[in-house]
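Shared between the two complexes below is chain A, which has chain B as its partner in the first and chain C in the second.
Moving on to the complex of A and B:
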């Protein structure tokens, strides 16, 4: 039977078989381990989104790889055969199937991605007027990018500024991300948060951490000499640990508090006294 | 036929010459970028090491082709050199003495005007203990973010007499003497930098010497 099938039918059947083998692996093995992990509400959403992306791309990847291997075997010509190969002709049905299926996949992902983005904000910066706002109490935390360090202000706690980021578990956090100089990008990897830090712009990203843990903070926008060293470690702690820590920070930075401008969502510091 | 072959050889030779020229230019650029002052390794004095630094408004023609660039200098065997890559022992106290001959530029973020991460929490300015300065009076900072170390450097007043022109500057010229101690952590490769936008003549004060290792930024190799 196999030998009587056309190449197209063989490739189609092989593709279906490979897809059936790969899909459970993608859904049950690779999917749950997709980045950035399920440590926050938006992180969990991103794992789901990445898994859907994986599922949609699996049959296409299976087809491409299957065809590649099949062609290498079935269309192999011995070195001794010097005859000219058959003329290549178009195959309308194959082309239409390919165009329709890939277009449908891309359109589905565009609609799915937009819906996901609108439902939670997906941990991304939503600009100064977020489309998606979570309900309930929100703890605002300002992230200030500067060459080359992130610092953090807590308006709920007198506007204290700190060199370290700590947030309480189970609390809805609103990161207000801005910059004092160049364009940076605040990327809290395990939280699933990434928001550009633009001077003069308040870029808001929401997240609700589900477990206590440390997380990596990196600048994700090439911002100058020490961009590669613009990293830090943040912590999700219990509410009581956070209360103790923020009180410590208020005492520790009492002197600098007097110098700080009143809390605002953006700042426009004098670029420089000297260099202008 | 032979003419065509000759033209082909000529083209090939041209391509090879151009490729060789490009390779030479790239090599020269890499050599230029990597050919900086040698790393400084202070002699250990018991459980601590000393670093003696100088910050100057203009590094001068004897120490750099960019004579007007602001810079840190380090004292090595009694001589001031422009090296910002230092090798320090791990988990060791580092006593820093810094002579600042530069004026006041001001911090963009006033938060950085408070010292952190240094032993005792205080630094001294001409012997007077301080933990914080007026952010507008900051000339530079000495900061190792990975050690959470930052020390604001007080700048000399604009109307100070006998200001230093080109480095190295003389102790008789207007300056502040800043002293502090920090502890190195575990072995590794750490960067240090200035946070004040002090690069005169560059956009927002953060170009030139602020973006080039050997002036206001460097590495600490903790071994």
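Moving on to the complex of A and C:
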């Protein structure tokens, strides 16, 4: 049967077989393990988004790789062979099929990505005027990047500034990210949040944590000498733990509060200085 | 006579005058006094002196090479001429020469040296990343390594194919005897060499911490090493702009009879679409660098928040240049791919018009996507859906290139020679590069992958996997024509397989490391990623070793073994292979004519010759 098939039919069948093998792997093995994990609403959205991307890519990948390997094996001749290949200059129907399928895939991905983005904001920095705002009560947390650490201010708790990040589970958080010097990027990996910290800019990102856990904070934008060391651990804790912790922080920093500038969404940075 | 040659206008006098210019500039830069100088006075930093030194150094270098001679002679009333030092043995290669073939070989060697240096930087970076903690370099040296690697590769590879291959072969392919502006052609090469040396001097002034993107306000903080970065990119931008202009002018005005637009070889189409981007993108970079220069010297505030400026301005201008830039790197590779596949499949290009549409489409769309580099920066949050759509739309013209490449293989008689292997590897590598790019173009997914090793691995898949692989395809395919000597095929295959496997073994795991949360350009990383990073480092060293295989094979074949190459070793039907190897000084005795078919391959095509026709030489002149 195989030997009587045309090359075209063989490639088509092989592509379908490879796709059928790969799809369950993408959906059930790779997909659920895609970053950043389902710890938050936006993280869950990103995992779903990544899985959909994998699924859409699979048939195209299967086709191109199958075709490439098949062609390199089936049409190969020894270097000494001086015969010419078939005289084919194109094939309108395959060109149209290719154009239609790739266009459909691209438009689907763009529309799907836009819908995902507009539903939750996807955890990305949205600037001072967010286009996607969650309803209900929001706990604002300011993230201040400076060379080379992040500090955090809680405006609803007297603007207390801490060196550690804790947020309550099940609460809608609004990170207001800004910087005092160079551009940093606040990346809370397990939360699925990333927002650049620009001097003079209030960059807002929303997230709603679903489970209590620790998460890694890293700076994701090159910010100078100690960029590689600009990492930290944050915690998602229960509501009561958070209340206790923030009260403790307020007591701890009560004396130094008067030295801090009043809470603002951006701060006037120090004059430009020269560092490594 | 020998003394006269030595002190004539050549590389030696260029270097001497360059050094003199540098010293004079340094002194001049210390003359102006005022607030701005005092500001840096006690830090030992004087950017004005640095810029003056670099500028006068470059001018001295160019004057020493002889670029001022012709304009001065013209002013003194000498008749116009298009040729300079086109004959005269090996000394041609060490000075201003207007023969496009000499410039091509100068480019190949000159760029090769700087890319080798860039590669060594990459090896040192991977050595540092063998352990989660810093052990080789201090933080500043590590960032300088990262910056030098990125900047050197990005700057040099912009002309990596247009420099050596297009300068050499585009005039031949369109049936011309020279480029439209031969002196500008030589100038682009020597500007690039001056730029490379200037970037290396950053090491002497404390390096620069910003990587190749040079983000503000970090760049404003940086010490004098940053000025080397600025001057490097400014000279590269100038060189790119002139190179693009020269290529476009050549292809538009100098095509031989019969060489209609619909008959251009695919490689020339790749060059045309690249040249459009070069001509238009480089000025944007240049203007941004000018602002940065003013910020650092005259204390303007384009990028300074306190003075009313914005770092977003740099991000936008840089990526308006930067995204076309990555297609400047990718498009010549696509041209080479579609040029070489027909030769070794013995078939015409499949879907000629579709492929041209693809290249020009990429050229056009690359202007509309730049903000996908700053999706999480907080600027224009409401425009993100547009940039997501426009970025994903680039898959369509790129898809045209894929389907044309695959179609060309169909029912061919494929010979897996070394250039062909490199081209087939392009299809695999660029596929991975394109697919990983989809994750970065999609905003929800980009939130995690942005600024991570994932994006770094993605662009190494497209640029190293796309451009460098086709660059090597071009070397194995065309260098025997350029020098007249064969390259050993067995060691070429060893080079290919070691490079292909080590490349994927390096950058495949880096995609995963990025997904697992390692940011770019860090000197430390979490302990659980050490195993993966060690694997990547060892693979990278093997990748480096494969380059040594290439280098030894190349030098041995070209310098020691010197087996004369046949005029047409591949059975190619394009015009450069109808000429003797190496190509004689003025290419053609008589301008050739071109038939309707640029790719007369395939069964039955021999019966009706329709490709290029080179008339026999007229011996009367």
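Here is the rule we go by: the second predicted complex is superposed on the first by the 256 of 276 C-alpha atoms of A that agree within 3 Å, B and C clash if a C-alpha of one lies under 4 Å from a C-alpha of the other, contacts with A are read in each partner's own complex, and residues count from 1 in each chain.
FYI, contacts are C-beta pairs under 8 Å (C-beta built on N, C-alpha and C of every residue); 3 or more make two chains touch, one makes a residue touch a chain.
Note that the coordinates shown come from a computational prediction; the quantities given were computed from them, not determined experimentally.
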item: First (chain B), second (chain C), both or neither touched by A:226; value: both
item: Partner chain(s) touched by A:166 [first = chain B, second = chain C, both, neither]; value: neither
item: Residue contacts on chain A - larger count, chain B or chain C; value: C
item: First (chain B), second (chain C), both or neither touched by A:110; value: second
item: First, second, both or neither for A:187, with chain B first and chain C second; value: second
item: First (chain B), second (chain C), both or neither touched by A:260; value: first
item: Which of chain B and chain C A:144 touches, first, second, both or neither; value: first
item: Touching both chain B and chain C, residues of chain A; value: 181-182, 224-226, 229, 269, 271-276
item: Touching residues (chain side chain A, partner chain C) in the complex; value: 7, 34-36, 42, 45-46, 49-50, 53, 57, 61, 64-65, 67-68, 71-72, 75-79, 81-91, 94-95, 98-99, 102-103, 105-106, 109-110, 113-114, 116-118, 122-131, 177, 181-183, 185, 187, 189, 192-196, 198-205, 216, 218-229, 231, 268-269, 271-276
item: Of chain C, residues touching chain A in the complex; value: 40, 43, 45, 134, 139-140, 142-143, 206, 209-211, 213, 215-218, 220-223, 304-306, 310-312, 345-352, 354, 374-382, 384-385, 388-389, 392-393, 395-396, 399, 402-403, 406-407, 409-417, 424, 427-428, 431, 435, 438-439, 442-448, 450-452, 515-517, 519-524, 526, 571, 601-606
item: Touching residues (chain side chain A, partner chain B) in the complex; value: 144, 146-149, 151, 161, 163-164, 180-182, 224-226, 229, 232, 252-253, 255-256, 259-261, 269-276
item: Sites on chain B touched by chain A in the complex; value: 103-106, 108-111, 113-114, 116, 131-132, 134-136, 143, 145-146, 148, 150, 191, 193, 195, 197-206, 210-213, 217
